[in-house]
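Below is one structure, written out as structure tokens; comments come after it.
Chain lettering (A, B, C and D) follows the sequence in which the chains are written, and residue indices restart at 1 in each chain.
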Amino acid sequence: MIVVLKTGASKAQINAVIREVQKLGYRPHPIRGVERTVVAAIGDERVHHTLETLASMSGVDQVMPVQRRYKLASREAHPAGSVVRVRGVPFGGRDFPVIAGPCSVESEKQVMETARVVKAAGARLLRGGAFKPRTSPYEFQGLKQEGLEILAAARAATGLGIVTEVLSERDVDLVARHADMLQIGARNAQNFALLVAAAESGKPILLKRGLSMRVEEWLFSAEYVLSRGNPNVILCERGVRTFETLTRNTLDLGAVALAKTETHLPVIVDPSQGAGRADLVNAMSRGAVAVGADGLIIEVHPDPRVAMSDGAQQVTPVQFGHLMRGLAPFLKAAGRRLA
Amino acid sequence: MIVVLKTGASKAQINAVIREVQKLGYRPHPIRGVERTVVAAIGDERVHHTLETLASMSGVDQVMPVQRRYKLASREAHPAGSVVRVRGVPFGGRDFPVIAGPCSVESEKQVMETARVVKAAGARLLRGGAFKPRTSPYEFQGLKQEGLEILAAARAATGLGIVTEVLSERDVDLVARHADMLQIGARNAQNFALLVAAAESGKPILLKRGLSMRVEEWLFSAEYVLSRGNPNVILCERGVRTFETLTRNTLDLGAVALAKTETHLPVIVDPSQGAGRADLVNAMSRGAVAVGADGLIIEVHPDPRVAMSDGAQQVTPVQFGHLMRGLAPFLKAAGRRLA
Amino acid sequence: MIVVLKTGASKAQINAVIREVQKLGYRPHPIRGVERTVVAAIGDERVHHTLETLASMSGVDQVMPVQRRYKLASREAHPAGSVVRVRGVPFGGRDFPVIAGPCSVESEKQVMETARVVKAAGARLLRGGAFKPRTSPYEFQGLKQEGLEILAAARAATGLGIVTEVLSERDVDLVARHADMLQIGARNAQNFALLVAAAESGKPILLKRGLSMRVEEWLFSAEYVLSRGNPNVILCERGVRTFETLTRNTLDLGAVALAKTETHLPVIVDPSQGAGRADLVNAMSRGAVAVGADGLIIEVHPDPRVAMSDGAQQVTPVQFGHLMRGLAPFLKAAGRRLA
Amino acid sequence: MIVVLKTGASKAQINAVIREVQKLGYRPHPIRGVERTVVAAIGDERVHHTLETLASMSGVDQVMPVQRRYKLASREAHPAGSVVRVRGVPFGGRDFPVIAGPCSVESEKQVMETARVVKAAGARLLRGGAFKPRTSPYEFQGLKQEGLEILAAARAATGLGIVTEVLSERDVDLVARHADMLQIGARNAQNFALLVAAAESGKPILLKRGLSMRVEEWLFSAEYVLSRGNPNVILCERGVRTFETLTRNTLDLGAVALAKTETHLPVIVDPSQGAGRADLVNAMSRGAVAVGADGLIIEVHPDPRVAMSDGAQQVTPVQFGHLMRGLAPFLKAAGRRLA
């Protein structure tokens, strides 16, 4: 860490900082500049007490960390990209798997129909919400266990692995019995208790980025899973919150490229949540391929007009087929393949 | 709801919208403007299916809700402000209670010492984190049960009621046995499973605003608690995330005034988290009084330099005493009183 | 416009709103809902006084516009995409032109060398800042007129048209004499006086998006140029400001797709400013092609280490050549061509 | 500056950085940590070339400045607060002046009437827009010169000094002939050409904060004025742009307290723009006093329903009188006085 003193800090103040740095387990290295003194603190920031508390000392202007503090998620420590397999489908290698299905599981008929068409169009895994995180307690909260059973039936019928969200620590076992990958949603991206419980299920984790999460924080949330001995984390960019009002979120495709420089974990994109508008899903999916994403998760509904959640962002089976066909040349350009 | 059609929408598209509005339980009322048609949908938006899904229909430009969708939290339905009592201390009336204590519970000595000084300075409740939500899994996670017991001992010694955060559904019972109010932190502000579990403990809930939460969403999270039969919710503004880098968060005092026009629930302010800098806590506290907040929660540590979390934002006992004395004339100006 | 009254608004309040709507030139159309009354105001929102002022009336909850208020920039009025030519180079059609060159013009040698290499790599226009907008008055402000003359000499030597920023109304004539397209920078995106002055030069305008500009506001700024009789506006997405700290800006590729649904004007992308990091420019450029951008503007410097501005985001000639070659398969996938 | 190398940077890479630091005028001071090397660069960052360009070197992870780079605006260099006088009215001392008047100048009658009532209620200066920055070119752009003459007439009649916005370098002389303080609006907060032109008029400058401006950037914009020899800058917080949709902006009262720790310049607050809602102006004004602002600028209109701009945020004369009376106890608490 680097402790920057204020202009005009006294000798006594500087010495107090040096003593405190030592007390907290670092080797202090003061450097006198033309106007300010800085004290470099030598030591591993990940095993010692943080020095950020020194910001409360008189004479201190700011404290700046110099290390990346995540370890297991970091590409520095693992230069090669990791491949995470979900029911045999590999994320992070040359393959570019697409996960598709309805926002919410609404009925067996809806899910079966969607599963068949998305499989035919090239999707490798089926998504569908059985437990739905809803801003309002009065909105449809999902079919819960019944929804999980419908998803499992769709897997039996089509062979597609299942990706579904878990909202409660208490439901982790139940969801893990039915699903092939557990999704942690954006609103729970820093629900550390849920992250740990999900990690301990042993299932692969799809970790959505929080609504205003820095990439560093996203990787720390992944680190919560990894440090529990579960190496199978797939990150999912799904848009961040900004001032724009014509879209629900601002899909941050740049964060995909950035995250891939920082971590060896696979990163996929959710263009449905990311834009919140069905008419932008196609362009966003192509963009995801081009910036280096490792897959997509797309909401598809047989009839979005009557969807029980997020109808505005779900594409129809016809639109999904069109999207998948249009993706092919971009995948080729990126040296990737659908299957 | 108001469904706005695109310029040049065809008669067939308009009729399809009208039929769909009817099918979803509303009475359609089309209005032909100079350039566009809009269809007003008459019916209670809180009991019918949302029409936002119609945004996926061809010819539809946007769908705009006109009702506030929260009920129990809404001031429209409850014009008078509510008073929430925590171990006898009233929030939301003429009293202006201050909650104070360390960010983390670190030791019995630290908590006892802090409890005594904050009580002497006028605080009415003691705060302290036993379970700590930390961005990194490698940071201090709190003393957990031992921390709760230390807090309870401090209550026994000083009479101050206890406010502490709960991070996991599984810990709700444990925390509720020791605490007088359960805090839901910013990162869990839309962890609906935790909100419901905490609500069902019957304890008052201190609901912090999420990092990029709209006021409407905050009230919906409150509604999750209220709709479970627990009327005792206190909202807490603690800063939102912006582009500013000199402070950790941007304390949104305007949201306090705004929230109080929308809801009858008490709203307090956390200037410690809100600014993330001890040197701004005093000014922010005065601002909170002036904009109409119903109380404060302030982090106080006997020696912030060695704090195990967030040392940069905790004030010393001396600074806290100074702050409380300086608050008095502002409370008087606002027609409030400390005790 | 739609005027939404408060729950419980009195008959007198509703009648006052109806009278005011009439007085301001609209035909009022009241609709009584289950809980609230709304008054639809029929009339062209672009020629009558706005009704937003009614929000100040007692009994009014909110006022919602239903029309797009821009005309000339709107795709509704001009469904086909426009092609804007800059010294013969077409933007907005099948061609995908790349503009390249240094952030700042520093010397004739630097510009000549850069111009030759970017031309050889396939760039169609040369960029370079002669007037530099700098956050600090103590930073390098550009070579000004000398810089313009260097750019003109580079055009004479290579045939590449010149794109350069104008910062002051007073410099519009000078810059227009030397440049083939005038750039309005992000910080001046709502400097309406400069927009009008630049429009009146008759030169094509490259309009960068402001740091926290909504797409609607961007199109209004374009409308300032178009409504002065200058139809040649190219929009440029260059990143918006968010909470992320690992990049300088958050490049909003989704806004490119969104803008192209709203407007017929060409939209290009600046991945250099957008990311602020040379190592992300390549991925961002590919993403821009895939989401449907109509071109790129990229900063290239012979030796970024000694650049007088923004060295961290400029690529070397070797990196630029690599980027251009790597773009080819993505352009083919998108049905576009470099030249 | 501190140059942080990547983990595993080679000896050759470290040496290249050291050479470059020297070449750019700094004295390099390498420090080998447990995992990374950092190179402290000793020298005045305000007179040497920035080292941020080194971020483009291989082996470099990041470059961190340690100095505040503004000089004249900095409180470090000028610990005592400055007092700026506008037609004799002092900002920055014990006095707390209120500037009031309509958003736009609409007619002589409207301005005269408003001037008289705001003066009677205790305002010290009159505001009013003669040149209006409007998002859309089709909205009312102000009465321009006629508006300035109306303002001057109101000054003659009431003795109140005039504060009005200037939008164009070409209008600086005209506006300076009529006004006592020139306002630079939020959209021009980084229009450096206008800042310089306004500075050179010799008039005091009211510098509004940009829509998503960091405090550091705001002070740099002030530095543009100060470094032209005009010491009379008053900063004005007017809300920043966030994700909240119930208010037009998010008034950042914390930034007032923060700015006052960083600069000696007076800082005032615009609660009308800041909230965009007349019903929040009163609470925001009290908050401004409490956090340490040096004055207010408030929009007052005889009849906001028919205002030609921003009717929703203007208060009536009656509301303004009420506001001013209610401010008195808060001013007393803060040790300030209205006049």
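Quick note on the criterion: contacts are C-beta pairs under 8 Å (C-beta built on N, C-alpha and C of every residue); 3 or more make two chains touch, one makes a residue touch a chain.
What you see is a predicted model, and the numbers here were worked out from it, not measured in a lab.
Seen from the Cα centre of subunit D, the chain whose own Cα centre is farthest off is A.
Should one ask which of B-D and B-C has more C-beta pairs in contact, the pair is B-D.
Taking each chain's centre as the mean of its C-alpha atoms, subunit A lies 25 Å from subunit B.
Each chain gets one centre point, the mean of its Cα atoms, and the points for subunit B and subunit D are 30 Å apart.
Rounded to a whole number, the gap between the C-alpha centres of subunit B and subunit C is 38 angstrom. Touching two or more other chains at once are residues 212, 241-243, 245 of subunit A.
Only residues 20, 24, 46, 49-50, 52-57, 63, 69-71, 133-139, 167-171, 187-188, 190-194, 210-212, 217, 220, 223-224, 227, 241, 277-278, 304-308, 310-314 of subunit B touch subunit A when the two sit together in their complex. Listing the residues of subunit C that touch subunit B in their complex gives 2, 4, 6-8, 29, 31-36, 38, 40, 42-44, 64, 66-68, 76, 241-243, 245.
On the side of subunit A, the complex with subunit C involves touching residues 212, 214-216, 239-240, 242-247, 250-258, 261-262, 274-275, 279-280, 283-284, 286-287, 289-292, 329-330, 332-334.
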